[in-house]
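Just below sit the structures, each encoded as structure tokens.
One chain, chain A, links the two complexes that follow: it is found with chain B in the first and with chain C in the second.
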Partner chain A sequence: MSAFARVRELFSAELRQIAPPSVGFWQILGGLTLFLLFLEITTGILLMVYYRPSADEAYESVFYIINDVQLGWLIHGIHRWGAQLLILLVLAHLIRVYFAEAYRERELNWVIGVLLFLVVGAFAFTGRLLVWDQRAFWGTDAVRRVLAEIPIVGRAILYFLWGSTELDANALLRFYVFHVGLLPWVAIGLVMIHLYLVNRQGIFQRTEAQKQQSTQTYSDVVLRGLIFVVLSFGIVLTLAVIFPVELGNRADPLTYQSVKPPWYFLPAYGLLKLVPKAAGVALASVGVLVLFGAPWLGRNSWVAWGLGMLGIAAVALLAAYGWRW
Partner chain B sequence: MGARLLGILILVLALAELTGGAQEQNSCLICHSEIKVDYLESIHATSNVTCVACHGGDPTTLDPRATHALEAFFRGTPQRAEITELCASCHSDPVKMKPYGLRTDQYTEYQTSHHGKLLARGDTRVAVCTDCHTAHRILPAWEPRSTVHSDNIPSTCARCHTQRDQGVHSAALAKGNTKAPTCATCHGAHGAAPPGVENVSKVCGMCHIAERTHFESSPHKKPMDAQNISECASCHGSHTIEPTDRKLFDRVCTSCHSADSPEHLVGQKIKTLLLTAEESLREATHLLEQAQQRAVDVSAYRSRLIEARSYFLQALPVQHSLDIPQVEELTRRAKSIADDVRSSLHSLQGVMAIRLLGLTLVWVFLLLLIIVIYLALRERRGERL
Partner chain C sequence: MAYLFPPERRVFNPARRRMRVARAEEIPLGKGKQVLFDGEPVWVLHLKGGWSAFSAICTHQGCIVHWDEKRLVLSCPCHAGLFDTNGNVLSGLPRRPLKRFRVSVVRDEVYIGPGEG
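Up next, the complex of A and B:
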């Protein structure tokens, strides 16, 4: 039997297996994030063909992609809007898993999921600078100023991420390397472990009653998921056509521009507006640690629910504060 | 061990203090400490020009009598009348200034200035070197904190002169345009003098070269010179120069020509030509920006618009010649290109319609795909049931 036939047989066997009856709409979120990650990688590779990661050429190359490359504006738009939807779906998937307490007996997979969430955030952060317009430059520089105020480790982090204590051509190149050379591999690796563990540990079912005789196979689940994949692709495409991404003015290190972060960084922005910068970073780090430790902190269902609601309320309030100010 | 280390540390610190003391040859600053900060920041301190150079005295001793003794050529605070000569004793000396690459004609220029002439007549209220450069905190002109840096010249002159520039030039300077003229650009620095009526166009023409050239050939030139009317300032003002606006034709021309005179009509004709071209350019630029925001390829139109704008910019100085055919030709070119770009960009709006059509077709395909998948799902379920 050829290798191809063997892989096909393996997939067919997997798809023929009976899926738990509880696998419904909400379980599709995970699969959709996987599709969007694939979409981001594909469009990212296409953008790499024309993008130049140097301070002299970055802005011009993005301008060229948007204005001169055949359908470049569409690829760029899909990449940017796809990223927004990816973050939204990862967040929704995380919240769904948390409130369904699907992390029980799957603590390692929860930790990997949170890591994937952070990697998606890192993708968004590093990708933003690459267009090298005023908003990208001063938005990233605001983060640099926050990091510079962290005692002891602040400068070390800056040297690792920025390559110096200033935002310059070195930082742009580093962000590019992180965005296209490092983070995709980390994301692919984590996704593979995540999927392997889902496959090995099975899909979570809350009660024994749910483990009744099921009539659906995994091929039904995949087909149903495909409908949503097609729908989400249509949504991203529509957003990219109707709201093409606007490119601001070229980054000018001598002309300061006050920039509000994108919606997904608003909670962090609100926190830093509310408390001193170093304390804000410390609090955000504690928040991330709590997110990692959620399966252990929320062993009791009521505690887990309360902790979750408290976390969502805090994040929503901080985002509202960041948006307002 | 610890005590030994402490001893070595004290010894090192003491040596450092001693060495520092040895370097400080200017003992004047020990008593006159209020000047120390200003002086140490100055270009004189970095060039080792000490207090003695201007004030005399003996800086090698700490005895107040000996340091301030007449035998030590102590001069004290120089009188205002002697300050310029005192500064010139070094700054007019080519041998002394050569190592620093500084010019030596400032004093000669100063003597020709309005300030210098009044000082020569015994009026000590006029500006002398220290009024503009300060006495102790003398910084090089390129240093942004210097009182004679281009950013600070207006405030330096305003210490004595109440008439400050409140027009486009000072506004540009305030915005950080370092090429914008300051008081010194028009009036001179060391040779400061108000430009006479006959010289105004030459002073303005130093920067506005094209405007001056076209004005020279205009019908205005001869009669204005004959009647001693200030060429540029009579229309644009001197210290309150407003941004160039086509409304200037309505306000200024009538101050000399009656509203129904042929001269006034010439002005109105030029105004109309410029306004129509400007309007076309503005609309085309607006459409281009709109199209660009929608990620429509506008690179070809951008370069055409630059061409149109350059014709319009050429027409602006030409208007000073009052040569209607020339202004007409340039504005016509600018307008026709801008109109051409405008109509092309209008048709580009159709690109959005094409995109929406494409999107609709993709959605039709996607919905068909969804229906097919749904039917496949139902069929599988039906098979199992």
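Up next, the complex of A and C:
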């Protein structure tokens, strides 16, 4: 038997296996995020062909991609809208897993999931600066000012992430290196461990009753998933066509522009507007630690539910405050 | 890991676009502060009409000019050249005005950058 036939046989055997009856629409979210990550990496590689990560050329290269390169506007649009949908789905997946209490006996995979959530946030943050327009520049510079005010470690963090205490060519290059050279490897590694653990520990089922005989196989689940993959790609494509990405003015480090962050950073923005910057960073860090520790904090179902609702309410209120401010 | 932290005393940045000078309140009205921008000494002045920045290198023979707070002029100690608060020559041997830099105040922090300001 050839190697190809053996692999095919292996896949067929996997797909013929009986899937738990509880696997429905909500379990597809994880698979969809994987597809969107693949879409982001693919369009990101295509953008790298023309993008130049220097303060003198970054804006012009993005302008060139959008206005001159064949279908460049579409590739850029898919990358940008795909990122938005990816963040939304990762968030939905995280909330779904939390409220289904699917983290029980899967604590390590929950921690890896939260790490992936943070990596997706890091992708969004580092990618935003790369267009080097006024919004990107002053949005990132606001974060620089926040980090500069953190006692003891603030300066070290800036030197590590920004390459200096200023937002300039060094920061742009570093953000580019993180965005295309480091984060994809981290994301791929974490996804592999995440999937390995899902495969090893099996899909979560709340009760013994759900483990009864099922008629659906994994091929049914995959087929259903593929329909949603096509659907989500259609949504991203439609958004990229109807709402093409608009480039602002070229970044001018001496012409200040007040910028609101994108929707996914609004809770953090709201928090920093509400309390002093260093305290805001400390509170956000505590929030992330609580998220990591959710499986241990929410051992009791009612406590878990209450903690979850409280967290969502706090995040929603902070986002609303950040949006209004 | 140490490789990722650039040496603080000399961050490589040949195409610097801006540099933080000070907090605005650190330079009261009528005062000035001299800083090095890309190796060039620059006077950043807080004047009644706003902020201005000029190269501190005299256009005559390259001496370093000083900010005279009382007379509100930049004076060259070498050949008594005088420049006004727009960098133009008032008297003395210099023929060309001082090179200007852009100044910007962003959230109470004064920055300078290359280009006419």
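Following the convention adopted for this analysis, the second predicted complex is superposed on the first by the 323 of 325 C-alpha atoms of A that agree within 3 Å, B and C clash if a C-alpha of one lies under 4 Å from a C-alpha of the other, contacts with A are read in each partner's own complex, and residues count from 1 in each chain.
Basically, a contact is a pair of C-beta atoms (placed from the backbone, for glycine too) under 8 Å apart; a residue touches a chain by one contact, two chains touch by 3 or more.
Everything numeric in this text was worked out from a predicted model, so none of it was measured.
K.L.:
Both complexes share chain A, so when I overlay them there, do chain B and chain C fit or clash?
P.N.:
clash
K.L.:
Tell me which partner A:G163 touches in the superposition: chain B (first), chain C (second), both or neither.
P.N.:
A:G163: touches chain C, not chain B.
K.L.:
Tell me the contact category for A:T215 with respect to chain B and chain C: first, second, both or neither.
P.N.:
In the superposition, A:T215 touches chain B alone.
K.L.:
Is the number of chain A residues in contact higher for chain B or for chain C?
P.N.:
The larger set of chain A residues in touch belongs to B.
K.L.:
Using the superposition on chain A described above, determine whether A:V241 touches chain B (first), chain C (second), both, or neither.
P.N.:
Once the two structures are laid over each other on A, A:V241 reaches chain B alone.
K.L.:
Just chain B (first), just chain C (second), both, or neither: which does A:Y50 touch?
P.N.:
In the superposition, A:Y50 touches no partner, neither chain B nor chain C.
K.L.:
After lining up the shared chain so the two structures overlap, which partner does A:R224 touch, if you call chain B first and chain C second: first, second, both or neither?
P.N.:
The first partner, chain B, only.
K.L.:
Just to be sure I read the superposition right, which of the two partners does A:W305 touch: chain B = first, chain C = second, or both, or neither?
P.N.:
A:W305 contacts neither chain B nor chain C.
K.L.:
So which bits of chain A does chain B touch that chain C touches too?
P.N.:
After superposing on chain A, no chain A residue contacts both chain B and chain C.
K.L.:
Can you check the complex and tell me which residues of chain A touch chain C?
P.N.:
Touching chain C: residues 54-56, 141, 145, 156, 159-160, 163-166, 168-170, 253-256 of chain A.
K.L.:
Please give the residue numbers of chain B that touch chain A in the complex, ascending.
P.N.:
Residues of chain B touching chain A: 292-299, 355-356, 358-359, 362-363, 366, 369-370, 373-374, 376-377, 380-381, 384-385.
K.L.:
Quick one: which bits of chain C touch chain A in the complex? Just the residue numbers, please.
P.N.:
Spelled out, the residues of chain C in touch with chain A are 4-6, 8, 11-13, 15-20, 102-104, 106-107, 111-113, 117.
K.L.:
Write out the stretch or stretches of chain A touching chain B in their complex.
P.N.:
Chain A residues touching chain B: 66-68, 73, 76-77, 215, 219-220, 223-224, 226-227, 230-231, 233-234, 237-238, 241-242, 244-246.
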